[in-house]
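Which chain is which? They are A, B and C, in the order written, and residues in each are numbered from 1.
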Amino acid sequence: MTRQPRALLIFVIAYLGFLYAPVILLPIFAFNDSAIIAFPLSGFTTDWFSWLMEDESLFRALKNSLIIAVTASIISTIFGVLTARAMARHQFLGKQSMFGLIMAPLFLPEIIVGVSILIVLMQLGLALSLWTVIAGHVLLATPFSVSILTTAFNNLDRSLEEASLDLGENRRGTFFRVILPLVTPGLISSLLIGFTISLDEFVIAFFLTGTDPTLPVYIWSLLRFPSKLPIVMALGFILLVTSLILLSIFEFYRRRSETLAGGGQISENK
Amino acid sequence: MASPAKAKISTKILPMVDLKDIRKSFGDLEVVKGLDLEIGSGEFFSLLGPSGCGKTTLLRMIAGFETPNSGVVSIAGQEMTNFDANERPTNMVFQSYAIFPHLSVGDNVAYGLKKKGLSKNELKKRVDDMLKLVDLEGLYDRPSFALSGGQKQRVALARALIMQPKVLLLDEPLSALDKKLREQMQHELRRLQRTLGITFILVTHDQEEALIMSDRIAVMFDGNIAQVGQPQEIYERPVSKKVASFIGIMNFIDGEYLGKKGQKLHVRTNSLGEVLLEPHQMPSDLKLGKVTVGLRPEMMTVLYSAKEKSEHEFKAKIKNVSYYGDMTYYSVTISSLDGDISISMRNTAGRHVYRIGDEVRIGWGTESIVVLG
Amino acid sequence: MNVGTQIKQSFDGWRLMGTPFVFGLLLLLTPILLMVLLSFWTQDYLDLDRTFTLANYKEVFSHPVFITLIKRSVVISLFVTAFTVILAFPVAYYISFYGGRRKALLLFLITIPFWTSYLLRIFLWKIILGYNGVINSGLISLNFIQEPLTFILYNSNAVVLALAHAWAPFAIFPIYVSLEKIDRSLLEAGRDLGDSAIRSFFRITLPLAMPGIIAASLIVFIPTIGDYVTPKLVGGTEGMMVANMIQVQFSKANNAPLAAALAIVSLSIVVIISLVFLFFNRKYLRRQI
C-alpha cells in the first residue's frame, strides 16, 4: 500500500460522514427521551421500544412482510436457478431475448412496474392481496437471484458432472451428490438477497397492497403522525441491526461459496 | 501382466477398443474425419497431436461423453457407440482433475463405489489400499481444496482405478504439472500400468511424453491418424514430413527417387550426394520423382581429427551453438544447401567444443536416412 | 442447422427457463403493453372510453404543469446522476488504489448505512433538514444562526441531496469494479514512457474506468426519474416529480389513461436519454476487458 494522498483521504472521510449522517440519528433518537426529533437531547429512554412491542398493527404488518419476503425469495431463487442453469448449459432459440425480459426489472423505474401491474389487475377485476405484492417482488428479486446463481453455476466446473457420470452415477444422483452441494452457498445468498429486497421494498408494495400492509407501507402511514416519530426511530434501529446480521451471514456464505468452487491450490509441490 | 506390445494386433485376439470409421462434427466443423483404430488389451496407448487435432474428442467418444456422428465404438468386444458414460467399463482422469471440492480425499476416491452396496469396512479398506498404491497413504480425511496439483492428480487416478475399469482414459493429465513432477509422474504412470495390466489410453501434445510412456502411439493431425506404431518406429521411420517434424527435430533435404538398383533403392539428394537405401527406409508405395529426405541431428557427427572417418562426409561451417547440458546442438551451413542443418552431439568428457565460425567436417551413415514421401 | 432442428434442440433450455420467462411476459411485458394501450383511451370518473385518441398525450405536452414536472424530473435526475457519480469516483478510486488489504472492509463499511429501510433514510433526511430538524436545532443551540434555515427542505435541493445519498453505493460499486480491472502494469508502462502521475490518470486510468462510470450513471439515472418517495417526503411543491403526479392521476383524479400517458412519456424520455448517452460513449463500450 503506497503513501496516501492527504486530500483524497480527507475527502473519503468526509464522504463517509455524509453517508452515515442519517443513520447515526437512529440510535441517537431511538433512545432519546423526547417526542420531537431535534437537538438538544433530552435523556435516555427505552419507552419507544416498549411502544413498539405493544403495537399490534406493527406486528401484523411485520407478519405480512415476512410472509411476502419468504415466499418471494423462494420463488425468485427457483426462477434464478432455472434461468442460470439454462443460460450456462443450454443453447436455445430466443435465449438472449428471454434473458433480457427476465433481467428487465433491473432497468425500469419501480413506479412503471407497479402502475402497469395495477392497471392489469384493475382491468381483470382482480383484488389486491399479499399475492399481488409477492408477484411484484418476485419480478424485482429474480434478476438479482440470476446474477448470484449465474456466478455459482459458472464456477461449477463442467467436468465435475462428467466425472460423476464417468464413475457410474446417473443424472439424478449427480444432481444431489455434486451439483446441489456446490451451489447451495449461492442458493442461500440468493434467498437472503431476495428476502432483504422484499422486506425493504416500498413503491410496488404501496401500489399493489390490499388491506394487509407490509412493513414499509406501515411505516409510511406512521410518518404522517409527528407523535409517532420516535417509535419510527426505534423501529428503524431494530431494522438496521437485523439487516446487519443478515448481511454478515450473506457475506459468510458468499466467501464459502468462492472457496469451494474455486478450490485454489496451496502449493505446486508434492 | 502386460502383454508384449505388437506393431499389429493379431486378428485372433479381440482388441480392447475398436473404432471403425468414426466421424464427428460440431456444427459445421468436422473434428474427426473417418478414422479406424484398434487398441489391444494391456497396452499403454497414446494419442499424440497438436491442439485441435481431434485427439481429445476421440478420447471423449471412447469415454461416452460424445457420440460419433457415424461409425462404431466397440469396447471389450461389445458395441457401445450409443452407451452413456456411466454404462461403459471405462474411467477417465480429467485434464482439470475434476476433484469434488466439497468431499474429502477418501470420499472422492470412494465416490463411484458408494452405490455398490459394500460394507463400510470393506469400502474403507479398498480406498486405503488404493491410496497406498498412488502414494497418498493416510490422506483419507484431507479436504480436497487443500491439495497440491500433484496430489489432486493422484486422487483423480485413484478414484478412477478403484472402479477397476477395463480401459483407463487420461486426458493430458500431466500438462498442469511442473517439469520435475511431470517426469516423476510419467514413470509412475508407466509403473502403475505395468503392475495393473489395464489398458491405458493417454491423450497428449507432448511428444517426449508419448515416447517415454507408450507401447504404441497414434499421431493425429486435423482429425486423421497420420501414423500408428511403436515409439521407435514413429521416431526412426516417420511416414511423412509432418510426423517427422512433430516428433523430435528433423533435418529435411530435397532429393529425387531414381528407382530400384538390384535389391536397393537409388536416391539422389541435392546436397549430400547419392545413396542406395534399404526398402524399410522409405514408404512402400513411393513413386519415382521428387522426395524429401530426412536425417535426425543425432545421426550425424562432427568429425574432429583427420583420423575420424565416416561413410559419408561433407564440409560445413558452424553458425550457432546451443548448450543443453547433456547435449550440444550445432547449427551448421553447407554451401550446397539453402537452410541450416542441425547436429547434436553428446557432451562426453574430453570432447572438443566448437565455436561459431569453425569450419568442420560432418559425418553420417546411409542407414540413418529416411525418405518421407 | 435449419429452424426445425434448432427448435428441437431448444426444448431443454425452454423447459428450464420457460416458467420465469412466462412470468415476466405476464407480469412485465403484458402490463406495460396494456399501459401503452390505456394511454390511448380516456376515462371519465369510473367510465372507461375505449376509443383511440391522442388526447392524453396532447394534454401531457401542452399542460404547463405536466411540462414543468417532466422537465424538472429530468433536470433533477441529471443533477443527481452527475453529483453522485462525480462524488463516487474519488471514493472508488481511493479504495481500489489505496485500499490495500482493507478493500473488502471499506466496501462493507460503505454499505452499512444502506441496510436500513430506504423509506426511513429519506425520512431521516427530512428530519435532518427540517424547520425544527437536526441541522437547524443544532445550529441554533450552538448560536450559529438565529432563525432556522428554510431553503434546505421542501424543494428540489433536498430531493437532489437525498437521492445523491441514496444512490451512492450503487455508483461506487460499478466504478470500483472497473478500476479494479485495470492492469496496474499499464500505469507503470505509462510512467515508464514519460507520463506524469496526472497525465497517466487522464490518458490511461480514466478511459479504462469509463465502462464503470457509464454503468454507474445509468444505474442512478434510470430509476431516479421515476422516484416517488423522495419528492413526496422532502420535495414539497417545488420539488414534486413526475411519479407523484402519476400517482395522483391514478388515484385521486381517477384518470388512469392520463397517468399511463405520463408514465409512457417518462419512460420514453429515460430510454432516449440513455441511448443517446450510450451512443456518445460507444467507443468505451466496444471491448469488454
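As a convention for this text, a residue touches a chain if its C-beta (ideal position, glycine included) is under 8 Å from a C-beta of that chain, and two chains touch if they have at least 3 such contacts.
Everything quoted here is computed from the prediction, not taken from an experiment.
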item	value
Between A-B and A-C, the pair with more C-beta contacts	A-C
Closest chain to the centre of mass proxy, which here is the mean CA position	A
Where chain B and chain C are represented by their mean Cα positions, the distance between them in whole Å	60
Centroid distance [mean C-alpha coordinates] between chain C and chain A, Å	18
Geometric centre distance via CA averages, chain B-chain A, whole Å	55
Residue ranges of chain C touching chain A (in the complex, touch as defined)	6-7, 9-14, 16-17, 19-21, 23-25, 27-32, 34-35, 38, 87, 90-91, 93-94, 97-101, 108-113, 115-121, 123-125, 127-128, 132-134, 136-138, 141, 165, 168, 218, 222-223, 225-229, 233, 243, 246-247, 250, 256, 259-260, 263, 266-267, 270
Complex contact set, residues of chain B against chain A	63-65, 84-86, 90-92, 94-96, 98-102, 111-112, 115, 144-152, 159-160, 163, 177-178, 181
Contacting residues of chain A [partner chain C, same complex]	1-2, 4-5, 8-9, 11-12, 15-16, 18-23, 25-26, 29, 36-40, 79-80, 82-83, 85-87, 90-95, 98-99, 101-102, 104-105, 107-113, 115-120, 122-123, 135-136, 138-139, 142, 196, 200, 202-203, 206, 215-216, 219-220, 223, 229, 232, 236, 239-240, 243-244, 247, 251
Interfacial residue positions of chain A with respect to chain B in the complex	157, 159-160, 162-170, 173, 177-178, 181-182, 259-261, 263-270
